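In what follows, a structure is listed as structure tokens, so that the remarks can point back to it.
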Amino acid sequence: MEGFITTYGFLMVTMTLQAMLALSLYLPLMAGQLSLASPGFYALGGFVAAVMSKSVFGFTNQQVFPLPLVFVEMAVAAAICAVVAILIGVPALRLRGIYLALATIAFVEVVRVVALNLEITGQAIGIFGVPQPFSRSFDYMALTLPMLLLAIFFVYRLERSRVGRAFSALREDELAAAAMGINPTRYKVLAFVMGAVLAGIVGVVNAHLLNTWNTRQGTFDVAILVLAYVIIGGSRTFLGPVAGGLLLTALPEVLRAAAGIQGLPAPVAQFLQDGRLIIFGVLIAVGTLFFPQGLITPRMFRRWRAAHPQPAAARRKEAQA
Amino acid sequence: MNTTLFLQQLINGVSLGMVYAIFALGYTLVFSILGIINFSHSAVFTLGAYFTYAFMGLSWGFNGLLARQSLPLELPFVLAMLAGGVVAGLVAVVIERAAFKPLRQRGADPLLTLVSSLGIAVALVNLIQFLVGAEAYSYPSARVLGPLGLPPALNLSTPEAPLIIPTVRVVIIFASLIILALLVLLINATKVGKAMRAVAEDGTTASLLGINTDRIILFTFFLSGLIGGVAGTLVGLSVTITGPYLGISFGLKGLAVIVLGGLGNIPGAVLGGLVIGIAETFAPSSLKDAVAFVILFLILLARPQGLLGKAVVQKV
Amino acid sequence: MSAMLSVQNLTRTFGGLVAVNDVSFCVEEGEIFGLIGPNGAGKTTLFNLVTGLTPVTSGRQFYRDTETTRMKPHQIAALGIARTFQNIRLFGSLSALDNVMIAQHLHTRAGVFDGVLSTPRARSEERHVYDYSMTLLEKVNLASRAHQEARSFPYGDQRRLEIARALALQPKLLLLDEPGAGMNPNEKAELSDFIRHVHEEFDLTIVLIEHNVPMVMGLCDRIAVLNFGVLIALGTPSAVQNDPAVIEAYLGD
Amino acid sequence: MRVKRVSALLSGMLALALGVSSIGAQSQDPVLIGIGVAQTSNVALLGQEQVIGAQIAEAYFNERGGINGRPIRLVFQDTAGDEAGAINAFQQLIAAGVVGIVGPTLSQQAFAADPLANEAGVPVIAPSNTARGIPQIGEFIARVSAPVAVVAPNAVRAALNINPDIQNVAVFYAQNDAFATSETGTFQETVRELGLNLIEPVQTFQTTDTDFSSQIATALASNPQLVIVSGLAADGGNLVKQLREFGYTGLIVGGNGLNTANIFPVCQALCDGIIIAQAYSYALDTEVNNTFREIYKEAQGKEPPQFSGQAFAAVQSFVEALIAIDNEVGLDSLSLPELRAALNAQLRSMTFDTPLGPISYTEEGEIVQEQFYVAQIQMEEDGLNGSFVFIPIGDEAEEAEPQATPSS
Amino acid sequence: MGKHDGPILKVEHLNVNYGAIQALRDVSFEVYAGEIVTLIGANGAGKSTTLRALSRIIRCKSGTMTYEGQNLAAMRPDMVVKAGMAHSPEGRRVLSRLSVYDNLTLGAYTRSDRDGIEADLEQQFKRFPRLAERRKQLAGTLSGGEQQMLAIARALMSRPKLLLLDEPSLGLAPIIVREIFNIIRELNDQGVTILLVEQNAQLALQTANRGYVLEAGAIKFSGPAHELAVDERVRQAYLG
């Protein structure tokens, strides 16, 4: 067990972080907006953490970085991301579909290029020697797992609240939603900002986890990968992106581990090792065929609710009280 | 900036823009018919370049499953390019049948198809590396431009104030124009081309006219793969086949190009390519990519449907 | 006595097509106002103009004393104008209950954190919204299927759900776009009763687009007839019914 | 991948597949050395060369009896091209019970993955990380790749030897590559120190770029006599090719990223004349290098590149240090953590006669390498094949070499 | 009449669902060669759905559809056209980004007799002189009436034996409507069998031989058109 945790601790923490990143893309999607800006805010958050921990707080990677300061970094990153998100979101969210996706990708590219040109972000080398609040990768779980659960709880409750309903309405039919008195711009920007803040916070943690941060972290490739998390996991419920993020992050490593299974014929082991990304790609393509609604669908929820009627009944009772 | 440099950069911008445009043509063609971004186009583009290499009878490097193998035939470059394009087109047809059609029949979200095509791109790129390694391959210049006795570059001006355009780029510009002309001719003047336009505008109506939409979609994929494969070869000729990621590096720019021009719009792809190509060329080198995307962003704010795209009127 | 809704010289063109051409009329408080005309006459476009979904090309429109000509749809909804749609625009993959709850957006205030933290305010709002939604669903006989996906409902039920959703907005002015489309005469008769009932109970002013002439004649206080975007007649049902221009335009021969 | 490897090392691979979980080392079990380099992604081009170098070392030393009769075995884990991939690969290697790790391929990956190995007490030798600050990551981190600050200036001096009239120098670098940005800093400093005129603004590109015409036109407008390119093989090669196509006839100095035969297919005949400083020369006439060169040529049909040589040297360092430990205390007497610590200490206390020439490591882990070289690419007529031809370096350069110390 | 003694088109117990909504319930009717048959009914009654089911662009849940003895349910939409049945859809659906000429030639997509197509083109231009004037214009720039003419002409280009016409009067000025209905009668005189869906019941019943009245997806009444036109129940439903 100890060996497993050491070996896969980093992977498990990364899985939780990627699941949150998937949620950050899911938030605007709740309001029907296909935004791929998450990696841009994620990059921004990472730079905030790297710069603050090294230059502002003056820690080196030889010292233990106090956890409360991580929360300070998160607050700063969240504030910056929120402001940037409003500045971009208000004009960009008039665009639809792929056009919006591309406009947000433009933001991701601009962040990347700006960071490549700035001294403070370390240009191509980035910022390394980011101090660690934990001594082992796995210990980050103490931070990231509650964060993930909190994010899940947040989105879960949000979906069932007034604001969440406004998002659903926009996603279903923007014109009808507007005719029902919902201000489309306001709620689209709100969803966009929430996604940005979450992505920024994930960036903060990831910069510490990776020891280093650079412009290769928030790119178009990441955007597409996170989109795959959401779509493969299922884009109609909050659990879809979480499942997608966890699974797709783990999959290449699972294939890597599979190559090491005892007793495999050598060519198979060799193919699993060298061709694991071929398998990864094929699984993504095949997965969409078998799960056209994503792995987790609202129907599964309904079925689950039908099998466990208590919560719904309790809710009704509560509502009628 | 003096006039010579300005003209030189303009030529550079146009030639870069044409490269973007031929990459984007196949991309936008599929979008026009299905309304889907086909990420596997990048991989088909790359495959085209590798197929051409194979058809020229050249042997693979020392890495990969096919190390030191070669095909027992030695086609001249132009024939190899066409053969490579045809095979790339067939790959696109297989992709449509295996990944796109089943999803279409299930009425899947277009985003799902996008992700599926992404999975195929990842698989193909890694398959290339698995088979022939990550190294660069090039078409020996002696067998390409050599037979024509062309110099590596043309000077359009005087030796004192040179205006230079590398011959390969002239070839690409002309080849792109030929491809574009053939494509426009095909689409506007042939029966199948008209059927493609009908399916692109309204698949249901097209089928009411007796058009087998399924077959037209298949043909469009073939055409997209063919153009993509030939484009990959041309780019491979210009900058060598730099590895399995050759096309992937065009993926993002290509997407920007077709969105800028208006999704599914063929002249739009060319215009978008030129706008981005020229903008990049005149931008400071350290901000090139950012400038291209800032322009994209601003143009989209002014024209949310792209430069030549048709505004979608929402029916209430 | 000011008019509830007044449109003045309202015009909307799409490209070369004049969909609504210099139309002026007033809807008085408390009346049921019919809007009829052949397909393509511009009735739905007129609704879209009034609710702000389509920008006005020229002319002005007022709700009571407020000019709404340049207002956004959600601002107009906030004034108390609700509508249904000709081709039913329910939030299809949401439950019937959610559809109705969403429409009470303007009458609730809970923000993101209220909702996530389930503050007392959010809870009490949710209770009220839930109760009121169920009441409305009961009125349209859909309460027993409140948790089903809206798109799974039969056509007629979808129409009624859309009306319930519009009522949830607690509007003063309700615009119904062909609420009886696709219903059989019995259902239509029921619908007429229902509209009359709603009109009374919620103290509403109603503007109704309907093809079904008997239904319109029986229900409306006044009727406006549009043909090719032009208002060709306005008056009581019997006056309109006998107007030769109307017979020519509407009955087609 | 790599059928050649499968066939040549089939038995080894089979053992690898069977042996991953058998960590507790028996005396005749092979000693495991981890190789964590990029076997996939767009960095795989470099990783491929490293894999080959390491494999040759494995075969070479096992042939010679391994570690006093006990064989070594390489454990490969693909780091791919990103930071998370490097960390995952390193974790796997550490868990597999390797005594030390050779890797990762990119400096950026090293900043992410090396701290883990350091924390776990596993010695790392970086085969190709040349950015500043790598050995300083921790006490267990060393590198066999000389930092750019030491190598790069030699090439500029060599260019001046060839053409003393150089005045204007245009510098190009891959802005998104850590190695290239480090290197260009050194190049630019060298240009200024030598009193040459550095053309501003310095032109940048991305490693994924294929078109450099805009940068070239801007730079050529200032009439350079020397162009210095820091990038990787594909982009660097294309830049050189396009420079020539646009009529540039002066000297070109390439950075370490261009130091591979992989640029030959890219710029073909136009590669001719590129001057590249070398940390490795296949022409070095020592027993170990001659053997290495022979095996490499046998398998690959071309001269070994620096990346392969460095990977070989890294494996060799581990092996010889292990032999020294075995001679002193016996490998079996040490637990795995003790062995790793001992290995790390041993690495820093001896000299290795590698294909790179005699090398040693400072206490910090920086390489001390005695010989550097400058080569000029010479292409054959057909543009298909070429070679690195070594040329003499100026006198000042020779003086500078022995003080090859860390730059920060 | 046709080569079959029975009806050219026979529909039995047709059921169609849109998602969970049943759009057609047990619809049965038949059309004999040479007839004009009309389906009338309110918006959403299932008239267009019936035509769409016939031309195979929507799926049927159950029932049989036979055209000249061939099972329509086994055909793709393009095969239906080839078999001789053309459909001029609701809302005209001209291909607005193509020229009038291209729209018409696409109507003959299933044919390869070049001369025949040429001749038919000329015939359409003669029948609809306004289209001839605008043959190079994009179809999207035509007026509503011209688009309707184009839609009919396009359907005729496949030389159908049976023409399905969906709401040809939709949104058109009365004078144009009259013109179009004259053409419909003319076509019928020339031997084209017509299945007409129309909301303007009066007009449809004046033109047709027989009619079926659809209500909420089911057929309520049927009979000779002149009888339906004076049927009190139909009058009540439509005219009040």
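Points to keep in mind about this one:
Labels A, B, C, D and E are assigned to the chains in the order they are written; within every chain, residues are numbered from 1.
The working rule: a contact is a pair of C-beta atoms (placed from the backbone, for glycine too) under 8 Å apart; a residue touches a chain by one contact, two chains touch by 3 or more.
Quantities reported herein were computed from a predicted structural model and do not represent experimental measurements.
With chains reduced to the mean position of their C-alpha atoms, the one farthest from chain A is E.
Should one ask which of C-E and A-C has more C-beta pairs in contact, the pair is A-C.
When you average the Cα atoms of each chain and compare centres, the chain farthest from chain C turns out to be D. As a whole-number value, the distance joining the C-alpha centres of chain C and chain D reads 73 Å.
The geometric centre of chain D is 75 Å away from that of chain E, both derived from CA atoms.
The distance from the centre of chain A to the centre of chain D, with each centre set as the mean of the Cα atoms, comes to 35 Å. Chain B and chain C have centres, each the mean of its CA atoms, that are 50 Å apart. Looking at chain D, residues 1-2, 40, 175 sit in touch with two or more other chains. Multi-chain contact residues of chain A, defined as those touching 2 or more other chains: 116-117, 175, 274-275, 277.
Residues of chain E in contact with two or more other chains: none.
Residues of chain C that touch chain A in their complex: 51-53, 72-74, 77-78, 82-83, 85, 89-94, 98, 101-103, 105-106, 108, 110-112, 114-118, 122, 125-127, 129-131, 147, 165, 169. Residues 1-4, 40, 42, 44-45, 47-48, 175, 201, 203-206, 208-211, 213-215, 217-218, 221, 233-235, 237-238, 241-242, 244-247, 262-263, 265-266, 268-270, 299-301, 382-384 of chain D are the ones touching chain B in the complex.
Residues 38-41, 151-156, 158, 178, 181-185, 187, 211-214, 217, 228, 241, 248-249, 251-253 of chain C touch chain E in their complex.
Remark: chain B residues 191, 194-195, 197-198, 201-202, 204-214 touch chain E in the complex.
Across the interface of their complex, chain B is touched by residues 34, 91-92, 94-96, 98-99, 102-103, 105-107, 109-110, 112-114, 116-117, 175, 220, 224, 227-228, 231-232, 235, 274-275, 277-289, 292, 294 of chain A.
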